[in-house]
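Take a look at the structure below.
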Amino acid sequence: MSALAIDIGTLKLKNPILTASGCFGYGLEYDDFYDVAELGGICTKGLSLNPRAGNPPERICETPAGMLNAIGLANVGVEAFCREKLPTLRERGVTVVANIFASSVADFVAITERLNRETGVAAIELNVSCPNVTEGGIEFGKDARMCGEVTRAVRVATKLPVWVKMSPEAGNIVAVAKACEEAGADAITAINTIRGMSIDIEQNKLRLANRTGGFSGPALRPIALRIVWEIAGAVSIPVIAIGGISTTRDVIEFMAAGASAVQVGTANFVDPSAAKRVLDGLRAHCESRGVDAKALIGAARG
Amino acid sequence: MSSPVLPKRRLATLPLLRRESIGGLYHVLTFDDPEGSLALPGQFTMVRGAEWGDAPLLPRPMSYLTAGHTPSILIKVIGEGTLRMGRAEPGEPFALLGPLGQPWRASTPGRRAVLVGGGVGIAPLLFLARSLAGGGGKQPIAIYGGRSAKDLPLDDELATLSELHITTEDGSRGTKGRVTDVLKELLGPDQEVFTCGPDRMMAKVAELCASRDVPCEASLETPMACGYGVCLGCPVPMTDGSYLYACTQGPCVDARRVDWSRADHAPKKGVTLLRTKS
Amino acid sequence: MSALAIDIGTLKLKNPILTASGCFGYGLEYDDFYDVAELGGICTKGLSLNPRAGNPPERICETPAGMLNAIGLANVGVEAFCREKLPTLRERGVTVVANIFASSVADFVAITERLNRETGVAAIELNVSCPNVTEGGIEFGKDARMCGEVTRAVRVATKLPVWVKMSPEAGNIVAVAKACEEAGADAITAINTIRGMSIDIEQNKLRLANRTGGFSGPALRPIALRIVWEIAGAVSIPVIAIGGISTTRDVIEFMAAGASAVQVGTANFVDPSAAKRVLDGLRAHCESRGVDAKALIGAARG
Amino acid sequence: MSSPVLPKRRLATLPLLRRESIGGLYHVLTFDDPEGSLALPGQFTMVRGAEWGDAPLLPRPMSYLTAGHTPSILIKVIGEGTLRMGRAEPGEPFALLGPLGQPWRASTPGRRAVLVGGGVGIAPLLFLARSLAGGGGKQPIAIYGGRSAKDLPLDDELATLSELHITTEDGSRGTKGRVTDVLKELLGPDQEVFTCGPDRMMAKVAELCASRDVPCEASLETPMACGYGVCLGCPVPMTDGSYLYACTQGPCVDARRVDWSRADHAPKKGVTLLRTKS
C-alpha cells in the first residue's frame, strides 16, 4: 500500500493530482462523475475582485492535439465564490486552491484579504500569466520584478500558502520563478497557456473574437515539461506541473522532471473523470513498483 | 445550472452498432448502449472516437436523434471529426458523454407544435416529433428547408410524424424559397414553434414568432470544448446583455431571450475546402 | 491562369512555397519525388563556417502532433556546400536560400563572404535562433540588440537579400523583428522551434542526448500564426511564415495573417512531396477563386 | 549517399490487404501494391496510416518482410503507431515510403550465411533467407532467439528456409540461453553472419564474429523522422568517431564499423506501461 501524500511546503496534499484553473469550473459540476474530494486538490476558475462577464464569442477553437481559449476570465467574483461555492466545497472536504487574478497589486491583495476571512481555502494561486486580458495578466508574468512585487504583497497579506503561476512567454522564466521564490512564494506552478491564433480561411476572419487565445492540451506538453525541468533545477520550493497532462504516463513524466504535483486541465474536457483516472493510474503504478508517490519526484534528474 | 430533473450524465464507451450513409454528406450513427440512454428530446451528447488519440482532441457536440439502448445521431460531414464519424465501421468504440444540456421545454397544452428545421437541425426536432406522437396530442406541423432536395436528410421519417411542408432554395423540392416563407402563411396564435438550424434561419423564425406573439423555442449551435459547464467556451449573447452558456443553460432556449444579431456574422457556408488534410 | 509569383523585396519568387531549413537536406535528395526547381525556393540545412558532426543520438523524438529535434546543426560547412552541393542546385535552376549559423558576428560575416563568391545563391537566411547549440543560436535570437548587430554586419557584407529567422522564445519578438528591419533585413522569417523536452519513464532518462530539442510540426502552428500576425503588423518588410505548415489550408491561413511566403518543414518528413502538394493545392485554390497568390497576403487583416 | 543501383523510392498510398495476428503482440500486415515494390532484403519502408491525421505524426520505419505486388511487414505492438497498425482492418489505406536504405550486402560465394535474429529482427532475415533459397546456394543456418517460446514470430517459415536453431532465455523452447551461446559453437571460418535484433544481441554477435574474423553484417535500429536522409535524426556512432545515418547509409552495415558501446545504454525493455493513453 503506497503512500500518495505529497507536501507542498506546509500544505499536505492527499495525492499529487490537482485540476487546473479554468478547466474544472468551481469543482461543483462533477456530482454525476466522481467525488472531487478524492483529488489532491482543485484550482478554482480565476477569481477577480468583481464578477467578470468574459470575452464575447467565439472563445475557443481546436488546433492539432490542442485548443485555443480566450475566455477572458469570466468568473462570479471572489465575493460570490465565498458565499455560493466555497461552503459546499468545504462541506465535501475538497482541497480548494483559489486561483486569483487582478490587474493591480492592490486588487491582488484585496482579493487575498477577502479569502483570509474564509476557512476551507488551502492555498492561493496567483495567475500573473493570463494571456487573454488586456491589462495585468501576462504582462505581470513576463516581468520578474513585477512578479516578485505581487508575490511579496500577497505573501505579507495572508497566512495561506501562496503559489505563483508562470507564463511560458517570459523571456527568462527561470529568473521570474526565482524572483517569486525570493518574494516568499511557497510553490511555483507552471505553465499557463501560450498565446496562439487561428484563422477561418472560408471567411478570412480570426476564429477568436479576442484575436489570440491561450494554447493548451497535449500539444503543449513538451514545452511545459522543459520549463518545469528548468524551474525545478533552479528553485528549492516545490514545482507544480501543468501542460497537456492527460494520462498516467504524463503524470509520471512531469514528476520525473522534478514536479511535486501536477494539474490536469484541458484533459477534463475530453473526459470529465480525467483527473480521477490518472489518480487511479498513479496509485496502481506506485503499488506495482512498491514505491510512494514522493519517490517519483525528480527520478529522471539523476 | 442544469435543473435537478435532468437525467444523470455519464461518459460511456459504446461500440458503433451501424452507420447508415443516407446520401450526400449525411450519416446516421447508432450505438450499442446496454445501460440505455435517458436523453430527452433537445439534449445532446459530446461524441469522440475512443481511438482518435490526441487529434482531433475535443469531442463533438451532437443532438440525440434517438435515445434508449440504441442511441443514435445524425451527422453531416464538415471537418476532421465528422469525417472520421462518417467513415467509422461497426464495432469501432466511441466515447459518448451525455445526456447534456436543456431539452425542449414541454409543449403547452392547447397549442399545436410547429417544428421548423434546416439541415442537421432536424435531428432534435425528429426526436421531439416522435415524443409528441407518443404524447397523443395533435400532430405537429413541420417545416423543413434546405438548399436543395439533397439537403433534407430523414425527411421521410418526419413525414410520417407531422404535417410536413418542405422548402428548397433552388426549388428542386417543395416550395421554392425559405422555411420562413411557409411559416409566414401557416403561423397561427394557438401554436408554438420549435426551431433548430442555421443561425440566420432561426433568427428570422424567432423574429416572425415574436411579431405574432407566438412562443418560440430555439436550439443553439456554438463551439463547445467540455459540453458540461466548466470551460465557459460556449457563451451566447442574450438581449439583456448577459451571456447564456449553451451547453448547460441551453442548447434549447426561449428564442425571445437570444440576441440574434450574432447571426449576421455567422458562417456564410459557401465554397469551402473540407476542413481536413489536402 | 492565376499568377503565383511573389516579391520578397528585390527578389522575385516563382511562388510563395519554400522548404524550411533542416527539413529538406540540401535539396538534392528529391530526385525520386519531384523537381524542386518548381518551388519558390529551398532553404539549405544551416551552414556553419566549418563542418559540424552534430549532437550524439538520440536526436529526435515524437510528441503529440509534433516532434522534438536536437540535430545540433550537423552540416558539411559552407565550403563543401559551395563546392559539392551548390553547383548541382544552380544547374537545375533551384532558388537557393542559404541558411547560415555562427556563434559570433565575425563568423556570420565570414560565411557570408564565402557565399558572395558564388552565383546561384538567391538570399541568405540568418539562423539566430537555433535552440540546439550552446553558444550563439537562441541567445542571439532573444536579444533585439544582438540580432540587429548581426543583421547589420551581414547586411553591409553582401549584396544578397538578407532574411532573419526569429526565435519564438524571445520575450519581445516584435522588438527583435523591428531591430532587424532597422538593421537592413530584407525579410523576417518566423518561426524557428521552441525548446521542448521528453522523458522515457521506463528508463527515467531524457529522450534526447541534448536534453532539450526544438519543437516543430502541426502542434506548433497556432503559436507560429500568432507570431507571424504580430510581426506582419509591426514591420513593413515581407514576413515569411514557418510552423506546422502541412496542407494548402495552412498556407492560405498564414498568408491571410500577413505572410508573403511560407516554408514547409516537418511536413516533408511525413510526405517528401509535401511542398509540391501544397504548391499544387495553392495553384488550384487561386485558379478556382480567380485570384493571384499576392491577393491572399493579409486577407484576414481587414 | 544511397548508391545508384538501388530501386527508385516512392510514396504510395496502399490499402491493407490483410492483417494476420500471429500471437502475442505480433501481426503481419500485407498491402495491395498494383505497381509492385522492388524492395531488396534488408531495405525498409516508412509506414503511416493515411487516415491518422496529425497524431501520431511521423511514419514508422518497418523492414520489408516481402516485396512485390503484396509487400508485407511484421510488426510488434509497442506504442501508439504499432497499436493502430495492429488494429487496422483490410481496406484501410496506408502511406508507404520506400524502398529505403541499404540492403544486406550480397552474400560472398563460398561462405555459408548464418542468420542471427531476435524478435521482429527476424523480418529482414526471413526476406534474406528466401532470396538465398532462390539463389540456390547452400542452405543458410539460422539462429533465432527470444525471451520465451511466444517471442519467436514466423519461426515456422524460417524453419523451411534454413537449418534453424532456436534459443529462449526461459528455456521454454530450443536451447536455454542466448543466440550467442549457440553461435559460439557453430561459427566457422567459412561463414558470414547477418544479424538483426536488439542492440545488445547484435553487439555480442559482432564481437564474436570480429574475434573469429568472420564477416558480420548488422541491420541497425534507431529512431527516424524522415527515413530518406534529410532530417539527420538517425546517426549511429562508428568506431572511427563519425556518425553513420542509418536511413541512407544503413540500416545494413558492416558490424565492425559500428561503435557498439551505445548498446549498453539501449532500452532495457522491462515492465512497461504501453506507450498509449491510460
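Chains here go by letter, A, B, C and D, matching the order in which they are written, and residues are numbered from 1 within each.
By our rule, contacts are C-beta pairs under 8 Å (C-beta built on N, C-alpha and C of every residue); 3 or more make two chains touch, one makes a residue touch a chain.
Please read these numbers as outputs of a predicted model, since none were measured by experiment.
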Most remote chain, CA-based centroid, reference being chain C: B
Contact-richer chain pair (by C-beta pairs counted) among C-D and B-C: C-D
Separation of mean Cα positions, chain C and chain A [Å, integer]: 34
Separation of chain A from chain D, taking each centre as the mean of its C-alpha atoms, in whole Å: 45
For chain A, residues contacting two or more additional chains: 64-66, 201, 217-219, 249
Touching two or more other chains - residue numbers and ranges from chain D: 54-56, 271, 273, 277
Topology of the chain contact graph, where touching chains are joined (line, ring, star, complete, other): complete
Complex interface listing, chain B residues touching chain D: 51-56, 80, 84, 87, 89, 277
Touch list for chain D against partner chain C, complex: 1, 8-11, 48, 54-59, 95, 97, 222-237, 242-243, 262, 267-273
Residue ranges of chain B in contact with chain C within the complex: 54-55, 271, 273, 275, 277-278
For the chain A and chain C complex, residues of the former touching the latter: 63-66, 68, 142, 169-172, 194-199, 201, 204-206, 211-212, 215, 217-223, 225-226, 229, 244, 249, 252-253, 256-257, 299-300, 302
Touching residues on chain A, where the partner in the complex is chain D: 64-65, 246-249, 281, 285, 288-289
